[in-house]
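In this document, chain identifiers A, B and C correspond to the written order of the chains, with residue numbering beginning at 1 in each.
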Amino acid sequence: MSTARVDRRLPAWLRVAAPAGVALIGLAVWVLIVDVADAAPRMLPSPFAILEEFFTRWSIIAPDMAITGTNALVGLVAGTVLAILLAALAASARPIDGMLAPLVAALAVIPIVALTPILNTMFGASSQFGRQAVAAIAAFVPVFVNVLRGLRQTRPVQRDLLRASAASRAQTFRFLTLPTALPYLMSGIRIAASLAVISALVAEYFGGPADGIGTAIASYAKSGRAALAWAFVLGGILIGLLFFLVTSLLERLSTRRAPV
Amino acid sequence: MMTRRAAAAIWGVVGVAAVVALWELYKFLGPADGVVIGGDGSTGSGVMILPRTHDRAMPHVWEMVARLFASTSGGDTPPLWVSVLSAGGVTLGIAAAGWVIGVLVGGILAIAMQRWRLIEWGLLPWIVVSQTVPLIAFAPVVNALGGQLAREGIPWPQWLSVAVIASYLAFFPVAIGMLRGLQAPDSIHVDLLRTYAAGYGTTLRRLRLPAAVPYLLPALRLAAAAAVVGAVVAEVSIGMRGGIGRMLIQLAGQASSDPAAPWGPTFGTIALGLVAAASVALVGTGLKNYRRGEETA
Amino acid sequence: MSTAPAVRAAGVGKIFPTRTGDVVALTDVDLDVAPGEFVSLIGPSGCGKSTLLRLIADLDAATTGTLEIFGKPAATARLDQDYGMAFQQAGLLPWRTIAENIALPLEIQRVTKAERTERVAELAELVGLTDFVQRYPDQLSGGMQQRVAIARSLAARPKLLLMDEPFGALDEMTRERLQAELTRIAAETGAAVVFVTHSIPEAVFLSDRVVVMSPRPGRITTVIPTRFDRIRDEALRESTEYFAKVTEVREALHGTPATRANER
C-alpha cells in the first residue's frame, strides 16, 4: 500500500477549497500588482481588462477559436485512428513492433512543432493541413504507447480460460483483449487531447494561413495590445479545458469496471 | 546471441530506411499536386489528404543531404551543416539551462507537495491545468520583464528569458513524476523508519528519494525533450538570434526558392531532441541499482 | 462413448526447453480416470501435477505419449467442450456481471440468449449464488468468486472437471465449506474430476483415488485408493479411517514406505 492514503486529519471539503483558495490568492496578488501598485511589466494587464476584452471582442475571438479547435480535433481523431491501427499491427507482428518501437521513441522526444514549416511547404501554406498533421503526430504518440500496452495486459489465467472455452482468435479478441485495452485507449486519448490543442496552437507560430489563436496572440502581442493578446490566450485555455474535460469524462466512464 | 540494445539499434536503422523508402516511393508514385478531396480545382479548396510531390514541395532525400554541404546563404558563408550545428549548440545550451531550472522547480514543488498534503491539494490541479496554457503566451511577458530587469541593472541576457520559458514546459513532468515517486514507498517501509526514530529529512534521503529514482528518470527524459521544445518555440516567439528556431523560420520563408534548405535545421531540431534524451539516459546508467522495477515509459 | 475412460494417459511426458537446458516436467505418466471418478493429483512443487492438468486441458501439448479424453485426442475434446476448467485464481472478467461471467463459455459456443439465461439460473442455484448474479466480481469475496468459477466450469454440462488448486487462496473455513459443496456437485452431475491440490486432507476428503507425484523428473510415485464406505460429510473429517488415509498419503509423499499394500 503506498503512502498516498487519505490523511485523516484534513477534512474532505479542503480538496475543493484548497485549489480554489490558491486561485483566489493568485488573482488577488495579480490585481494588487497591476491595478493597485501599478508595478506591472508592460505585457501583463489586469485580469479585469482581459475579461473585458474577451467579451467585447468575442466576435473576432470565436472564429479563431473555431479554427484552432477544429485543427486540434482533426489532428486528435486522425492521430488516434492511426495509432490504434499501428498498435494493433505491432501487437500481432513482432517485426512491425521492432521497427515501430525506436521510431515512436524518437517521435516522443523530438519537437514535433518544428516539423510545421516542412509540412506547410508540402501541403501548401494556405492550407490548415500542416497544422492538423502536426496535431495528429502529437496525438499519435501517447495513444499508440497506451493502446499497445493495453493490448498486452491480458492475464495468463484469462487467456487460458478463453482457450479452455474453445474460443477462436476473433472471440478472444472480442471477449477479452478489447475490453482490457479500452481503458488504456481512453487514457491515451485524454493525454493526447491536451497535446493536440497545444500543438495545433503553437504550430501556427511556424507558418501557415494568417488565422487561428496562435497567430492572433503573436500579432497583437507584437503591436502592444496586451489585454487583447491575453484575451486570445484565454480563448486557447478554454479550448484546452474543453478537450481535457470531455476526454477525462470519457475515460472515467470507460474505467468503471477496469481490469485491476 | 545479439544483445537487445544491438537488436533495437538495427531495427531503428531499418525503420529509418523504411521511412526514406516510403518518402521516395510516394514521390515517385504520387500526383504532383497532392490528393485533394472535395475541391473544385482552385487553390485552397477542399481538403488535401496527401501532400504535393513536385520538387519544390518535396525534395528528394539526396537533395536534402547535398544541401547540407552547400553554403548556408551563398558566397563565403559556411556550409549549411556547420550553421545548423552551431545554432543547434546554442539552443541546446539554453535548453539545458531551462532543464536545470525546471528540474529544480519541479523537484522542490514535488517535495513540498509530498510533505504537506494541503499543498498537494492546493497546487496539483493548477500544475496540471498550467500545461493547457500555451507557453507562447508568456514569451512577451517574460521578455518584457527581463528587459525591465536589465534596465534596472540586474543582468538578464535574452537567452535567460528563453531558458525560463523552456523551464515552464520542463518542470511539469518532473513535478508529477517525482511526486509519484516520493509517494511510492510501502507503508511497511515508512513504519520501519519510524521505529528507527528517523525524522522527515532522514526518511527523505534514505527512503523516499531512492524509491523515487525509477519514476524520476523517465520524468527527466520527458523534461529534457520538453525543454528543447520550449526553447525552440520561445526563440521563435521572442525572435532571438543565433538559435535554431529562428533559422528554421528564416529558411522556411525562402522555401520556394531553396526547397531543401529548411530540412537542415529540421534535421537539426530532431537531432537536438534525440541528443537531449540520450544525455539524460546517460545519467540513468549511473543509478542502476535504484532502478530495479522501473517501468519503461 | 460412455464406456471410454474420462482420461487415459499412456507414457505421457513433457519437456520444456529453457535457456539453461531442458526441464523434464513429466515423464512416463500412465493414468486412467474412470467416468464419474474423483481423482486428486498431489505432490511438492515441480512434480508436474499442474503440467499434467494443462496437458489434459490442451493448454499445452505433450512431448511424448498419448492422451485421450473420452476416447478423443485432447485438442478435439477441448473444441467439443467435453470438460470444464477452474483455475487457482477465479479468473473472472471484471467488466462482466456474475451472470455474464457464468455465461461466458455458452456465449462463445453461440448458445441462444434464452438458453443461456436458463442455464445461468440453474448454475447459480447449484452453487448458492442466486442473489448475486447481477453483482460484479469486485463486490464478491474470494470464496464467492471461486464458486462462480466452479459454476462457470459446469456451464456446458461437461462430464469431466479439471481443477487446478481452486481453493488454494482461501482460508481454511471457506475451503472446507467449498469442498463439501464440490463433492455434492460432482455426485449430482456425475462428472469425473481431476483435482490438483497441495493439501493432503483436502485430497483425501474429496477423492476416490489420490495420485502421489514427485519432482525431478515429474512422475507418478504411487496411487492410493481413498474410497470410503460412507457419504463424504463433515463427520467424515473426524473419523479414524479418514486420519488413517491421510497418514498413508503423507507417508507416501515423504517417501516412507507405507505398511499397507498399494494399488498401482
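Some points to look at:
We take it that a residue touches a chain if its C-beta (ideal position, glycine included) is under 8 Å from a C-beta of that chain, and two chains touch if they have at least 3 such contacts.
Keep in mind the model is a prediction, meaning the values are calculated, not measured.
Chain centroids computed from C-alpha atoms place A closest to the centre of all protein C-alpha atoms shown. The chain with its CA mean position farthest from that of chain B is C.
When the C-beta contacts at A-B and at A-C are tallied, the pair with the greater total is A-B. If you average the Cα atoms of chain B and of chain C, the two centres end up 56 Å apart.
Mean C-alpha positions place chain A and chain B at a centre distance of 16 Å.
For this pair, chain A with chain C, the centres built from the Cα atoms lie 50 Å apart. Residues of chain C found to touch two or more other chains are absent.
Contact residues of chain C toward chain A in the complex are 57-59, 78-81, 83, 85, 87-89, 91, 93-95, 104-105, 107-109, 136, 138.
The part of chain A that touches chain C in the complex is made up of residues 155, 157-158, 160-167, 171, 175-176, 179, 257-260. Those residues of chain B that touch chain A in the complex are listed here as 7-9, 11-12, 14-16, 18-19, 34, 43-44, 47-49, 51-52, 56-58, 117-118, 121-126, 129, 131-137, 139-141, 143-145, 148, 183-187, 190, 221, 224-225, 228-229, 232-233, 236-237, 245, 248-249, 251-252, 255, 259, 262-263, 265-266, 269-270, 272-274, 276-277, 297.
On the chain A side of its complex with chain B, the touching residues are 1-5, 7, 10, 14-15, 18-19, 21-23, 41-44, 98-103, 106, 108-115, 117-124, 126-127, 129, 145, 194, 197-198, 201-202, 205-207, 213-214, 217-218, 221, 226, 229-230, 233, 236-237, 240-241, 244.
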